[in-house]
Structures are given as C-alpha cells and as structure tokens.
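This report refers to the structure that appears directly beneath it.
Which chain is which? They are A, B and C, in the order written, and residues in each are numbered from 1.
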Amino acid sequence: MDVLLQLLFTGLGIGAIYAMVSLGFVLLIRAAGVVNFGQGEFSMLGAYLLVVFFNVLGLPYLLGMALAIVIMAGFGVVFAYATYWPLRFRGGLPVIISTIGASIFLENMVLVLYGPSSVQIDGLFDAPGIQVGPVFMDSQYLSILVIAALLVTLQYFIFEKTLLGKKLQATSQDKEMASLLGIPVVTMVMITFAYSAAMGGLAGMLVAPILFVSVNMAGAIALKAFAANIIGGYGSIPGAILGGLALGVVETLGAAYISVPYKDAFAFLMLLLFLLVRPQGLFGERIAEKA
Amino acid sequence: MQITRRRALGAAAAAGTFAIVGRARAEDTLKIGVVSPLTGPVVEPGRIQLNSLRIATDQVNEAGGILGRKVELIVEDDQSSNPGAVLAFSRLAEHDDIVAFIGSIRSTQMKAMAPDMLKAAKPVMFGGTDPSLTHLGNPWLFRCRPNDSYSARVMTNFCLTSLKLSKIALVHSTDAFGTGGEKALLGNLDKAGVALVLDQGYANNQPDFTPVVLAVKSSGAEVLTSYFTNEPDCAVFARQLRQLGVRIPWVGSYSVISPVTRGLAKNALFGTYGIADFAEDANPTAKALGAAYRTRFNASPDNGWTYDAMKVLAHAINTANSTDAAKIREAILAIRKFPGAEGEFNFDENGDGLHGYNIVVNNNGAAEFKEHIEFTD
Amino acid sequence: MSALAARPWRGLPAAALATLAALVVAWLAPAQGYYLNILMQASTYAIAVVGLVVVLGYCGQISIAQAAFFGIGAYAVAIGTVDFGLNFFVALALGVALAGVLGLLLGLGSLRLGGHYLAMVTISFQQILTLVLTNWIDLTHGPDGVRDIPRPTLLGVSFAGGNAFLALCLVALVLVTLAVWRLKSHRLGRAMQAVRDNDLAAGTCGIDVFGTKVIAFGLSAVLGGLGGGFFAVGFRYISPDQFGFAESIVLLTMALLGGVQSPFGALVGTGLLVVLPEWLRFLRQVYLAVYGAAVILIMVFLPDGLWGFVSARLSRRALPDATHVPPLPLLSQTGRESAELVLSVEGLAKYFGGLKALDGVDLAVRRGTVHALIGPNGSGKTTFINVITGLYRPTAGRIRFAGRDVTALPPHRRNRAGLARTFQNIRLFRGMTVLENVMVGAERAGNDVAGDPAAVVRRALAALDFVDQRGDAFRLVGTLSYGHQRYVEIARALAGSPAMLLLDEPAAGLNMTEKHALGLLLRRLKGHGLTILIVDHDMTLVEQVADHITVLNFGRRIADGLPAEVLANPDVIAAYLGEPRRHDAA
C-alpha cells in the first residue's frame, strides 16, 4: 500500500509535467490549428535560458524565470513567422513537417552552443521535499502540481470567460470569418504562439531541476505530452490535464507492476487503444466536415 | 523530439564522386588511422580521447617517433553511429600506408566494423569493453581498456570480500552496455555461488525512477551495484534513491563517479564507489597524463586508453622494427609489464591488455582513488 | 491519348537501360570499403524511401514509421539466416510479408483518423517496435544486435562479394522504381491520388477510400521491409538503435527533399542526403542545424521537392490529339420518360443533435426525367444530397436506388450502383490532369469499361468531348477556369455511365453565358434519357430543364409536382419571399 501511494504521487508528478507541456500544445491547436512537433524544444530553450540567467549570470531565481518567460514569448512569435506563417494556407502536413525541421534546428543550435552534457540547476525550494507518512513528496514535483493547477485554471478562464479567449477560438475555427468580424487574425495567431512558447518554456524551467538541462531533456516528454493530449481529448484543456495525469500514473504503475524496460510502451499502447476505440479522447469533440 | 545527430549522419556519405579530402602530404610520416566521434552525442568524451591521443603522439614524436619517422594521425568521424563507424573505418582502410588503427570505445561500433577490420588485416587498438570483442576470432583487435568481465569481477570482489555483503541488487540499463555488464556480473556471482536479490533493467532516458527505487528498497538488498549508461539517468536515480530513504552502499560502473554525474547529483552520490579504468592517482603514468592534459587543455581527462594505445603501438612497432602487420601483432602480444595510464599492460593471447580496475570513491564530491584490483589469471 | 495509353511495355526500355547502368556501376565499384558501403546504404535506403512515395506522395497519408518496417525486414533476414539457417530469399520474403501485414494493420488505424492523429499512431507503432527489438532479447539478440549475417547464393551464383551484392541491391531498386512509377498511372495509383486530393469526392466516385489507404500503407511497408532486408545483408550487422524514430524522420526528410510525388524524387532525395553530410562536413556540428533549417526551407519554397521542381520546369505539356473515340454510350440513346423509379426516398430524416435538418422527406425520381429540388437556404437541400450519396447516415427513413435498398451503404457502393454526383464547391482532384480526373469516373467499379485501361481512356475522352473540354485534357485540372472545371466535374460523373446524375448547385459561380450553356447541356442530357436530380437556386435554369420539382423548407417537403403548379404555389412563394403575393398587386 505504501508502495502504491508513493507510485501514485510520482505518477501524478510526472503526469503533471506531461500536462504542462501538453497545455502548450492544446493552445496552438485550439487557436491556430497547428500541431507543433517543436513544442519540446520550447521547454528545452526555457530551461537553458534559466541556466544562463541563474547559473551563469547569477540573477535571482524568480527574476531569471520571469525574464526567461518574456524572452520565450518573443521567441514564440519568431517561431511562428519562420515555420507557420509561410505555410498557413497549405494544410496540416507541411506545417507539421516544418515544425519537425524547426525542432532539429533548435536542438542542434543549442548543442553547438552548450554541448551535449547535462547541466544541474537548483529547484524553487531548498528543501528537497517533505515526508508525508509513507510518501516522500519531492518539493519540485509539488511545485509543478500546484503551478499546473493554477495554469489550467488560468488557461480555462482565458479561453472560456474572456473576450480575448473567444476571439482566439474564433480565429482557430474560421480565420476568414473571424477577420471579417474585425478580429485581428494575425495578432491572435501571434499571441497564441507567444503564449504557447512561454508556457512551454515555463514547463521546461520547472522540470529542469528534476531532469537536468540538456538538449535531449524534452524530446521524450514532448512526444508523450502529445499523446496525453490525444488521450484527454484533442484540443480540450481539461482533457490535456487529465490525459497527462492519467498517462503519468499508468506509465508509473505499469513500470512498477509489469515491466520497467517496457515502460514507454505503456504510454504508446494506451494511446493506440484510445486512437482505435475512442479517437476523440476523454473530452474531445468530433468535428464534421462540411460536404 | 528525440533526434540525435547520429541518425542523420547515419545516412552517411555519398557515392563515389568526391575527391578524398586533403590527406597527408609528407611521405615519410608513419600514419595511424583513427576512428573518432567528431559529431554526435558522444562528441565530448570523444574529444577528450582525441586530445589524450594527441598528447601521446606528440610525446612519441619528441622521443624520436616510430622507426625514426614522425607519427601522423589520420582521423575520420564515426558520427557516433554504427553505419558511420563502418564508413569511417572503410575510408581509412583505403589508405595502404596506414600502419595501424585506433578504433572505437563503443562496443556496438566495434562489432559493426569488425568484418572490415578483419579484411584490412592490420592491428586495431580499441576501447570497447564488451568481453566478446576479443573472442571473435579476429587476430587484429587489441583492447586497451579492461573489459566488462573484469569490472564485474571487481564489483563482485569488492562486495563479497571488501564490504563483506552478499545480498546484492543490480540496476542496469537495457542497452548493450548495461546488458553486457549484467551478464558479466551474473556470471561472476554464479561462480561465487551467490544470487542477486534484484536484477532490474530500465530503458535509457527516464525522467522518473521511482519504480526502480522501490524495487531496490523492497528487495532487502545490503549493497547496490549498477551499470548506468547515461549520466542524467544515474543522477535522477541517485536523488530519488536518497529521497526514498535508501542508504545502502553503492558500487557502480563508471558513470556513477564521472565528473558530470557528480556535478548533477551532488550529495546524493557522496560515498558511492565507482569502478573506473582510469584514475589519476592510480599510477605515475596517469598522474603525468593528468598534469600534461591540464597544462595543454585546461581541463582534466577522464580516460587514458587512447594515450596508452599510442604508447603501446609505438613500443610494439619499434620493438618489431618493422611495419609488417604480423610482426607488430607478435610484438604487441609479447608486451609484459608495460606501464600505462590505465594500468599495467600484459597482453593475453586474446588481445586483452588490461586485467584490472580501480575503485574510486566519491568523497564529498571529489573522486578519490581507493585501490586497484588486478587479476592475474 | 498517346501519353496515357496503357501499353504494357511502358517504361521497360528505360528500366532495362537503368539495370545495365546499375550493373556497370556495381562492377566498377571497389570490392570493399568506403564507396561500396555508401552505395549499398544509399540504394537500400532508397527502396524504403520509394515506399514513402506511395503512402505519402500518392495517397497523402503521413507515416513516421518507415524505419520500423525497414527494421522488420532487416531483423527478419538477420534472424532468419543467422539463427534459423533460412535461405536469404526465403527470409526476405517472410520479412516483407510480415512488414506488409503490419503495414495493413497500421493502415487500419487510418479508419477514422487523418493528419496528426495518424502521425501519432505511426509514431507509437515505431516506438513500441524499437522497444520490442531492444528488449525481446531471446528473439532479437537485444542491444547486441545480430552480426555475421551471411550473403546469399542464388542458382549457384554467390553474392558474397561486395560488387555482386551491390548489383543485386541496385537491380532491386530499379525494379521497385519502375513499379512505383507505373503505379502512378495505374487505376490504383489514380485512386490513391484521388484519396489524397479529395477523399470525400473520391468516395462518391466509387473509390473505397479506407481500403485504398490500407493498401497504400501495406505497399509502403512492403517496400520498407524490402529495403531493410537488403540493408541487413549489405552491412552484415544490425542493432536496434538503427531503426528508431530518428531514422524514420531521416527517411521522411529524404522523401520530402527529393520530391514525394515521384520515385525519382526518392532517388534524388536519398542520394542528396547521403552526399550532403560529406559536402557539409566542414560545418561539423552546425551542419545538423543547417539540415533542420533546410527542411523548413524545402517545405516553404520547394513543396514538391527538388525533383518536383525540376520536372515541373522541364515537362512539356502533352499536345492534345484529335483521335476519334467512340462517343459516350449515353448519346446513342434517346430519352423517354417512364414511370419506373430510379430513386425512391421515404420518410428521410436527419437530425444533428436537436437540429432537424431533414424531417420526414419523401421523394421519387422517375427514369428519364429531370427532377429539381429547390428551397430557401437552410431548407435541407444539401443535407438531403449528402444523405442520398452516403456522406451522412440518415436518422430515419429509406432510400431505394435502382431497385436496391442503399440506406446503409457507404458512398462508394452507391456509386457502384450507378449514382454519380457533382458538388456545390467543385471537388476535383487537383493533383491530376483533366483527363485523369475523368478517368477516375470512367473506371469506377461497375462501369462497363472498368477492366480495360485503353477503353477507360477512350471513354474519358468521349466524356470530355461531350462537355467540350477535350482540348484541355492534359492540363492540371486546377489551371482551368471555374466554369470549365464545372464541366470537367460533370464529365467525370458522365464517364461512369450513371443511372442517375445528381447535381448539387451546378450553376453556382457561373456567369450568365455559362449558365445558359449549362442549361443547354442539361437539356441535351435529358434528351438522351439521363435521369437527373438537380438542386439549385437559379429559377431560370430550373424552369428551363425541370420536369418535376420538389420544394423543401425547414427540412420538410412543402410542394411536389409539375413546375408550373409548384412555382405558383403560395406556400412555395411564401417560403422564398416571406409573404403571399397579393392578388391585387399582381
């Protein structure tokens, strides 16, 4: 039982990481219809920025985080212009491939600048964690869970309750119509990319103390985050969260009780199952095509 | 996304329309071919290996070279991949005037290159530690690092004899290195009549090791052994191990004690033991190499096999007094008590030059040489 | 016609020449070493990349699992020959078959999904396979890999030598390229391209969309496995890390760089991506970043890849010829109305949640008549057509067509029964020429010429003759004006000798002259006895051609009968104008 509780905690913790990265995905899907295979690189860049600000330049931690978030937002816009904007009328496939190219480019530029070794960075709290009964709760994981919860609420609020959110949704569903209604489509898309990049960067910074900072840190995570997205319901914000948490728990329990080496397979099997049986995921909606 | 450079470059170079890139001009240098990871994920250790090699080459040349000729290195990029290694070696093999080769530290790459190396029929000094590499029936392969059967023997020895603990848990990667180590350890424990209380594999690049740590905890192990390939994996595991309250002694393969891992895991790895083929304080040659490396490159080396490989080759060729491959081979196999940075070289008939390992302990973050364990059988 | 005649020997002379060239190259190559290894790597990879041309280029389905199939072929050969002592060709056949079966299964995943979902399915498959290859040590030897894979002997000829085996690889590549090149102008190839360009229309043109996608995946996997089998023997050592997600990306990039629409593009892309690292070696680590940037630039500026770019510049448009072809069988008939019902709809209902788009509609179309369906916007006309053609499932009601109950049939089966349609927003296959588009219609299952490629071409030309678009036969259909595209769409439908032609707002987007011409065309068709159901707003057109009118409003039928009566019906007028006409204002 103790073992189970500990596994559940870490499962949720890792799931929260997937969920956070997944939120960035969801955003781009909902507001720009873009599937960004470079989302993991946003996290990687955010982490490296924090390394520069905190480790190298010695700035206070939170200030470093704030600066990094701002820079990531700007980067998101640049990214949009480079990979999405020239291809925006050409349909999904070219954009997907273009983002794959971008991820290769970013990964290797950072590799050139920093080399392949991992870098250590401190967490938000000095204390490694707290022991609650039989379960040890890593302080960084706790922070992630809390921040993820806050971000979900924030993102949900923005999308469902504010005019900006409605405009973003309108833009994603029908750009032409949105622009005819006076919604500045270009601005909306850029806002989305900026927010998604900032979100991704934040996820990277939160994960960095646990996974250490390296060019590969986010690769596997991004893939699973995308899977979590689909499991939870493509384009759904609560779905992204639940999908991420579910994936983390299933994977951790699967590793502990079935097989550790095949751990990654559980995530993908779960995804395949959903795709074949219930492709709209837990919360998603099917969109019919107009004939 | 998990895009490694080795894969893109694994689509390696093209059909035969391209001029061979500028080679050595001087005819009277003695050429040694080198397969090295110039690009790809293992480029950093690769760089250290190449640097140590250059130090050795310069020292050899200062002492008069080989057979009175200056040594020249011809280096090809193996791109950290199997096909890349094969292509790199086959490019080198085109040069008839290359006398010997320095191969790879990665066993899968050595296996991939082995058929071509057999055809080339010239001595290859290599660093991969898979024991089977010297049992392929290939007479041209000479290993300049102690192979994994010795690391496993040292681990077994250290647990059973030095620490006197027999409930042993093993955590190992499922890749070639990890499973090779597992096999070797199981073999050795078998000989001693001891069974592992836990044999836990894991796939590389995990963000979370909780299931593994809990398995260790519930196995009742008194000592932990490990074969970790990646340093971040080792550090994440170490931290979670301590967080969940496991404090048993830990003796692991080199990644446990490498500078990178020590830096990542900080106090989670204090007090752990690492099996290292290279430790600066182990012997005078290693000390000298460390000093020379720091002077020239302003950093510390973490291995010395390429240095040793060059020194051994120089010694053997000079002794054989010929560049004939068979004569060089004989000379290498005859080497006894040759002082290398990684230990004392005594080549056996299979081509293994070293038969022992150093035990290094993490003393509050610094790697301290503890003892050298050598096997003479 | 000459450009498209399906001569069985088409391409063979070139292939024979290529084989000869390949043999010469193999003979001249060094017996071992660098250049040999590179040529073998390039040729085996190229086979797998040609597979991607089929699934991605022709059929438009994204697959990021090609390295997995490559690996299956490689491991089948390796394990088969090393552990089980099988003959190379037997092991290769097994590996290719296994890859094919798994490819078909993967294709099944495309049932309800496309685009990114499908990408994720293929990625998952890829990741799982890599894990299996690494961890199922008893079977695959795990991370150690399999070594000393033997070279084969065939009919006493040993292929142990590097040159001999390279020759084998190159010949295989030539054959594969030839086959895939010919596939493009084969019926299956056209079906794949139709699915890629417009899967909705493909279904209503009689193509089994799902089946076609599955086959595309299967073929692509087969080629991946074939390349892998040769690769294993070429390099004689394989390990799991060579067949992962990263390698799938490499193969995909090779396909895109060269041009995914053509197997020659695959050759160019593979060759270039094998060469490029050499040229860029001076860039060292930065080279990969350049590579990533190059992918983006290719997608933006060279969407058809290098080969596509070059061949578009160099291709000459085939000249239209005026060879006489037998006219459409339709034209030898004269129209006679009869009481026989071609289409009979009873109580058709379609609800979208709470919205009742159709609420119990009855309609009967008699043979040889032109039946018009009209109604204000939102009355359910398009929904009606979509339900009739099978794009939506009805909530209730029955549809009988040509004597059969088709209520539950998918679109391509209804087409097979003789139902053809055009779309309000023209749905042509933009990647193909005018003639190829119409050929898709002509070769529909159930049509009289379907089994005869030459006859299909003649029928298609005849259909184009009828709508007067034959001069544009070899132009890409997207280059035509809107009005002409409309005619091509009609020709596509006519080429299939339909029992009933369903026209969804055919006048939409046409100017006055074009509408008039359309009206004349429809009258001609009616004169030859073709049964037509037409939905349109344009009252002039409708009055011109219709024998019978049904009016819908709010999903219900409010009038049905002869044009004069229906158009004077006050309910009908009210539905359109909102108010009854006042007699004293008339």
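We adopt the following convention: contacts are C-beta pairs under 8 Å (C-beta built on N, C-alpha and C of every residue); 3 or more make two chains touch, one makes a residue touch a chain.
Note that this is a predicted model, so its numbers are computed, not measured.
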Report the most central chain, judged by the distance from each chain's C-alpha mean to the global C-alpha mean. A
When A-B and B-C are ranked by contacting C-beta pairs, first comes B-C
Whole-Å gap between the CA centroids of chain A and chain B: 38
If you average the Cα atoms of chain B and of chain C to get two centres, how far apart are those centres in Å? 53
Multi-chain contact sites of chain A, meaning residues that touch two or more partners: 100, 103-104, 107-108, 111, 223, 261-262, 264
What are the residues of chain B that contact at least two other chains? 1-5, 8, 43, 174, 201, 203
Residues touching two or more other chains, restricted to chain C: which are they? 131, 134-135, 249, 285, 288, 291
Counting only contacts in the complex, chain C reaches chain B at residues 29, 32-39, 41-42, 45, 131, 134-135, 137, 142-145, 147-148, 235-237, 239, 241-242, 244-247, 249-250, 254, 270-271, 273-275, 277-279, 281, 284-285, 287-288, 291
Using the touch definition from the top, list the residues of chain B that touch chain A in their complex. 1-5, 8, 41-44, 174, 200-203, 205-208, 210-212, 214-215, 218, 231-232, 235-236, 239-240, 243-245, 260, 263-264, 266
Which part of chain B faces chain C closely enough to touch in the complex? 1-16, 18, 21, 38-39, 43, 77, 79, 81-83, 86-87, 90-91, 93-94, 108, 111-112, 114-116, 119, 130, 174-180, 201, 203
Okay, in this complex, where on chain A does chain B touch? 3, 6-7, 10, 13-14, 17, 37-38, 40, 100, 103-104, 107-108, 111, 115-118, 120, 128-129, 136, 138, 207, 210-212, 214, 216-217, 219-223, 252, 255-256, 260-264
Over in the complex, which chain C residues touch chain A? Could you list them? 60, 62, 109, 111-113, 115-117, 119-121, 123-125, 127-128, 131-132, 134-135, 200, 249, 252, 256, 285-286, 288-289, 291-296, 298-300, 303, 382, 385-386, 391, 423
